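After this come two complexes, each holding chain A, first together with chain B and then together with chain C.
After this line comes the complex of A and B, so read on.
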């Protein structure tokens, strides 16, 4: 048991280390560098190489690559993610500003799309081939095919412009509300982006859930149960529990994709999430901010994997370590 | 197990709700206690400009100058006029050789923090910009005019010395350079990273709150020397998506959108009786810039031929849907005081063909022209992948050039890569053929822009980077002009523009019109300050704003707490329903297993 945990821990450490290296290397491989952003020709004109170096020195980006790499790890060990080029503020602060918004938006969308995706998917699979199934399948596919910015603008048009129910932009109201009223304002501003993002991910979960339950229902044990006279509800209960396993994987692995994919929704609704931050950081070649944001994402995905590792034995007795007693 | 899943589900939903409530509390920081009867104008910005200091703004909004100058003041205002109005300055007198300017400030000027604004601050500002890292204002202090030193004569008088005659001092840097408080900046060694403070200026508005990437709050400077501004509070939310911004304007969540109204939206906004659409000039130009250091564009005939073949009217009509003027061959915006009075754009496809023939690019049949060595006449234009208008325009240009046997293709890049490909780097001069770029208002109002942007590559000017073009006679003219008085200067600049038109190192495609939409019910005092648009400091000041009184807009966004109640009720119902179903189900299961 101990060696197993140790091996797993080492695995995570190795993945994290590779991720850290990639976070450092990938932004620097892209053409252009932060000096191009800091000294735009329209404003700064024809700058000398020394001036470029000076501009980069504020951010510790003027050193040679090996020195930068070394500094990166030294700073990281001290919890220092450097200074963002775009914001000229510590990366940790910039990320801290965003993380709650992303947690609400992406976390909410992950929970909601999983919940509804599973409910709809299972219902569809159970009534496979019926009009209800075909109808649900078609509508989910249509929603899934719509690009998120289009869904967002459509929802905005209906709920904000036509019905005048919900605000169009931003995460925080300009009014000076506090307490419950403020939470209400914040929630109100979350609804449209959350629904847009949920609809964007719903299709994936739905399809996996549906296919997975259909697969389970064709298994021998279902036939066996039916032969033994188990009623429909009982069969469904057994099959659904097994069908949840691939859904769990999809949900937890989807976390990283969803954070990045949220950028479009965050742009449409001017929502200050991580996705939009990363997009802007790429455009400005903000190396320190990209490193920090990617680190956060990598940590999030690793955590999700860890959770999945813990959940699997609960969901599926077959992968439980032999001898261990669970639940 | 079913119960456990169910409990887990409920727990996570509750946790989510609690998390939302808690984090919204945490994120809200302090309360903005808005007083009764205050007027508020809500204007959308397209991007976040950090803490609005001259060294930390990001240009994410495109042209932050007018936003910045709500907080700061310059000695004169504004640079779009030949003779700007005295602003912080009461008067400014040059020496006979224009190398020294004696500036007298208005009496009783103060900074937002209450400290007096004195001649000491003016001296400090010029010294500080001279030593600061290169930026938007640097070349107006280090190059034209070359600021040397200054001395404080008394509390209100400062004498500024320049290394060369500075006849246009009032315009630049006078009407451009934001005057900084010495007591704030003197200890700051790295101004580019001074983002932690709220800026201290002397302008009509104080920046009182920054929520990064979400909004700014500016409050009227009650002690402003031009009188208290007409609008008490400016709420400036950042709206990243253009369509969203105009939707918000239509629903009344915004009062003005500072970004240009896209052609597709104009009509719908004009239909509304709540919204006013204003058209003016913002002196912006969009150009095809050649790399004149590289074949085939080192040959002026080839450049000119391409210029002659492009139908700019068609571009304005089809890409901007009429919201602009076709670009002139002499580049300078026709409304600029320095523009060639008879500036025009020539189109002559037949002459274009002849010029290419003369340049040695022969055409067989309807194909692509070839040089004597059999090299086809083809080139690629780099363009930002985010600029939809430019991409559409280049499609049209591609077709127009095919008519004269030139094969053009478009390569779209992200802005950072575009910049890297077109600016000289450690590896030497750039190797692109041409790229599409825009210059903003400041470029067209600066009397020395021709010098800055088009002087031959080398030590002079800053902008040979745009085209790499060189022409000796042009260089002499624009260099001489930098030290000339207004009357002499104009004809010299006109001559220089004629050379520019003939040599065509860049082709001006169009001057975009400034199309701004606002809700007059919220505030109707907007004035069209040529070159600045509507959202500029004079729009908020009594002596200028055409309609003095604004209707009070009461902020009504506070009564939406019922959403929370609704969601809580829905959650409770959901939980109850799930529990009920589960219980009934497990009961029936127990029966079935008997």
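After this line comes the complex of A and C, so read on.
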């Protein structure tokens, strides 16, 4: 257990390290001068060469690459991701303000899309080849094909503009509500982004769950379960237990997709999470902030993958470490 | 029914192809369809649809219809180019890592895994933010992130292909790598490569739109994503123009993405026909549905002194190649007796076994005859009634001990849940399971083991415990010792006979191994191509075989290899 977890952990640490290197390299290999990525875009046009030089030395960019790299890691170790150009505050602070909203949105969408995706996918697999299965498969694939920003705009138009049922913007009400009223307001503002993001990921889970259960139903142990006299419920339990294994891993691995989806969904609903922050950073060319957000999301996704790996043996006894085989 | 169900994937595939073709035609003939420049203001802002502006105009007076039509060019070009680039890159990595192996394999595949582990969507945004917004740059950025998936999928296929006999042979004969790759390896990757291409195109179209929607698209070209970007940035839904501004590009994107998704699904179903929800090929190893439509007159009473009587049973496989797997078979089984059912692979003996238990599934179908057990015709039983017979009256010891046990549950649990069918409390069922497992010779310490932790012989013992736990009248043992070593074979058969005596079971032993069966059973039935060619007490049949096929089976047995010739069967499955 420990060695397996340790090996996996090292693997993910390596990925994170690569992400860190990528972050270091991007402003230095991208077209243009690194200083362009550090100065406010309004000012970048009319700075004198001397100011440019000052900016470079301020950020240590005139040093040699190894020295810069070393400084970069020292800063990272101190939790310093640089200054946000737009907010003129440390990137870490800006990120800390936003992370809870995204965690809530992505976490909720992960739970909901897994739940409904598995329910629908399993129901389809049991009726595979029937009209109900074909209908569900087709509709889920169409919903899956709708870009979340389009779904979001549609939902917003129908529920906020036309029906005036739900608020359009933001996560917090402007009024100073507190306690239960505040929680209600927050929840109300969460509904549309959450539904949009859930719909965007439902199809992935559904297709995996369906294919996985269909595969399991063909296995010999299902036949044996029938032969020993189990009823439909008993057989269902057998097959579904095993079909859940790939669903679980793929769901968590797909967290990367979900996090990306959050970027566009938050943009549509002006939901103040990391996704909207990324959008704003792109628009205002706030590169340190953009990189910080990327790093945070990458770390979160890798952590989720790691957790999935650690949970895997609980689901699949075949990879659990046990005593030697009895021959 | 089966015919209709089979075409789900194919139908979706054609629909998807049609959607893509229409979109491509729109993109190609955009100048003919649109009469205005998509990027220049050509009328007053916020116009309602008219003959001139079929979808009206936006806030700066651009023709929304022209934008929609020209937008198809961007989406399809970027989707197509990115998918080509990413798939080719993936293919190259897969072939180099998978075929040449050596020092490149490990590091290369680690890079693939690294790329797969990163949140690709956010990575695309970051890369696009740094590297700019042109069409080609977008293509490169998207492919740089998407190549890893096709690489991973194709790699696992290269690993499979490189072990094929003819590839190994070509290598041994000194064929050049180029020749082996060109003639043997890459052609085998075509189907998978095409389906990976389609999948990648699907994601690429979406990514381009998402980038454009976030303001990272090519600023000089209007695409569907950037139409939505402007609509969102300028709050289009607060105006009446939203219907013509937001819905058309959104629907267009959905059409192209779903087109790729449908085609991708159709290709996937071709490589994995199970997804279609029916068997596309009839299998020699049968387990398929029964219950023919025709009403039959209730059969004559079961022959006295028998526990099981099979009367004129006929099973057919429908589908493209119609096969009569069991043809007019009749025999009887007396309580406490052991009947050997012998024949070579494909003689219909396994189909017969599944028919006895009512476990046939389409395309297999019982056409005629009856199976009488304890005075009831099993063929007339439906649903829950048939379920109650299985395990309690007639049960199965299957072949292939590994796959017949659920890998996720301990053997004790799997025996216990069978025992629970006839016992009021789970404690009693657990106790019974423990008792039976010990009786078949599995040490108490191993009861909580998972199937993969047990040897083949132990697994087969667990399956026997499962089959007899409810003391059925008849046990059908389908090749119960195939694949086990000779010593274990003897022990397992001995156990089966012992249990037969202790529990008063009647046993049907199905095997291709005539000498083995002859040593074990009381009566023999010899099958060939679905028919019974000879039957009788074992002494008679084994000592004075009348039918040439029986003689052949007896002789083959003398040259019998340790492992059964089962490869032809497993080749047909799936």
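To be clear about the criterion, the second predicted complex is superposed on the first by the 267 of 327 C-alpha atoms of A that agree within 3 Å, B and C clash if a C-alpha of one lies under 4 Å from a C-alpha of the other, contacts with A are read in each partner's own complex, and residues count from 1 in each chain.
We adopt the following convention: a residue touches a chain if its C-beta (ideal position, glycine included) is under 8 Å from a C-beta of that chain, and two chains touch if they have at least 3 such contacts.
Predicted, not measured: the structure shown is a model, and the values here were computed from it.
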In the superposed arrangement, does A:156 touch chain B (first), chain C (second), both or neither?
both
Applying the document's definition of touch, where does A:51 land relative to chain B and chain C: first, second, both, or neither?
first
Between chain B and chain C, whom does A:146 touch in the aligned arrangement: first, second, both, or neither?
second
Pick one for A:27: touches chain B only (first), chain C only (second), both, or neither.
second
Kindly classify A:187 by the partners it touches after superposition: chain B alone (first), chain C alone (second), both, or neither?
first
One more residue to check, A:241. First (chain B), second (chain C), both or neither?
both
Based on the superposed arrangement, let me know which partner A:297 touches: chain B (first), chain C (second), both, or neither?
second
Would you sort A:272 into first (chain B), second (chain C), both or neither based on which partner it touches?
first
Just chain B (first), just chain C (second), both, or neither: which does A:14 touch?
second
The shared contact residues of chain A with chain B and chain C are 30-31, 37, 153, 156-157, 161, 230-231, 234, 241, 267-268, 282-283, 285, 327
If we count contacts the way the header does, which residues on chain A are in touch with chain B in the complex?
30-33, 36-47, 49, 51, 54-55, 58, 83, 86-89, 94, 97, 100-101, 103-104, 107-108, 111, 115, 153, 156-157, 160-161, 164, 167-188, 190-191, 230-231, 233-234, 237, 241, 266-270, 272, 276-277, 282-285, 327
In their shared complex, at which residues does chain C touch chain A?
2, 5-6, 8, 12, 110, 113-114, 117-127, 129-132, 202, 206, 209-210, 213-216, 225, 228, 231-232, 237-238, 242, 246-247, 249-250, 253-254, 257-258, 261-262, 265, 272, 274-278, 287, 357, 359, 384, 387-392, 395-396, 398, 400, 403-409, 417-418, 421, 446, 449-450, 452-455, 458, 463, 466-467, 469-470, 574
Sites on chain A touched by chain C in the complex:
11-12, 14-15, 18-19, 26-27, 30-31, 37, 128-130, 133-134, 137-138, 141-142, 144-147, 149-150, 153-154, 156-157, 161, 210-211, 214-215, 218-221, 223-231, 234, 238, 241-242, 245, 255-257, 259-261, 263-264, 267-268, 278-279, 281-283, 285, 287, 290-291, 293-294, 297-298, 301-302, 305, 315-318, 320, 322-323, 325-327
For chain B, which residues are in contact with chain A within the complex?
1-2, 4, 9, 12-13, 16, 19-21, 23-28, 31-34, 42, 44, 50, 56, 58-59, 133-136, 138-139, 190, 192-196, 211-215, 217, 235, 237-241, 243-245, 247-248, 250-251, 253, 414-417, 419-424, 426, 437, 439-440, 443, 452, 457, 461-466, 555, 557-565, 567, 585, 588-589, 592-593
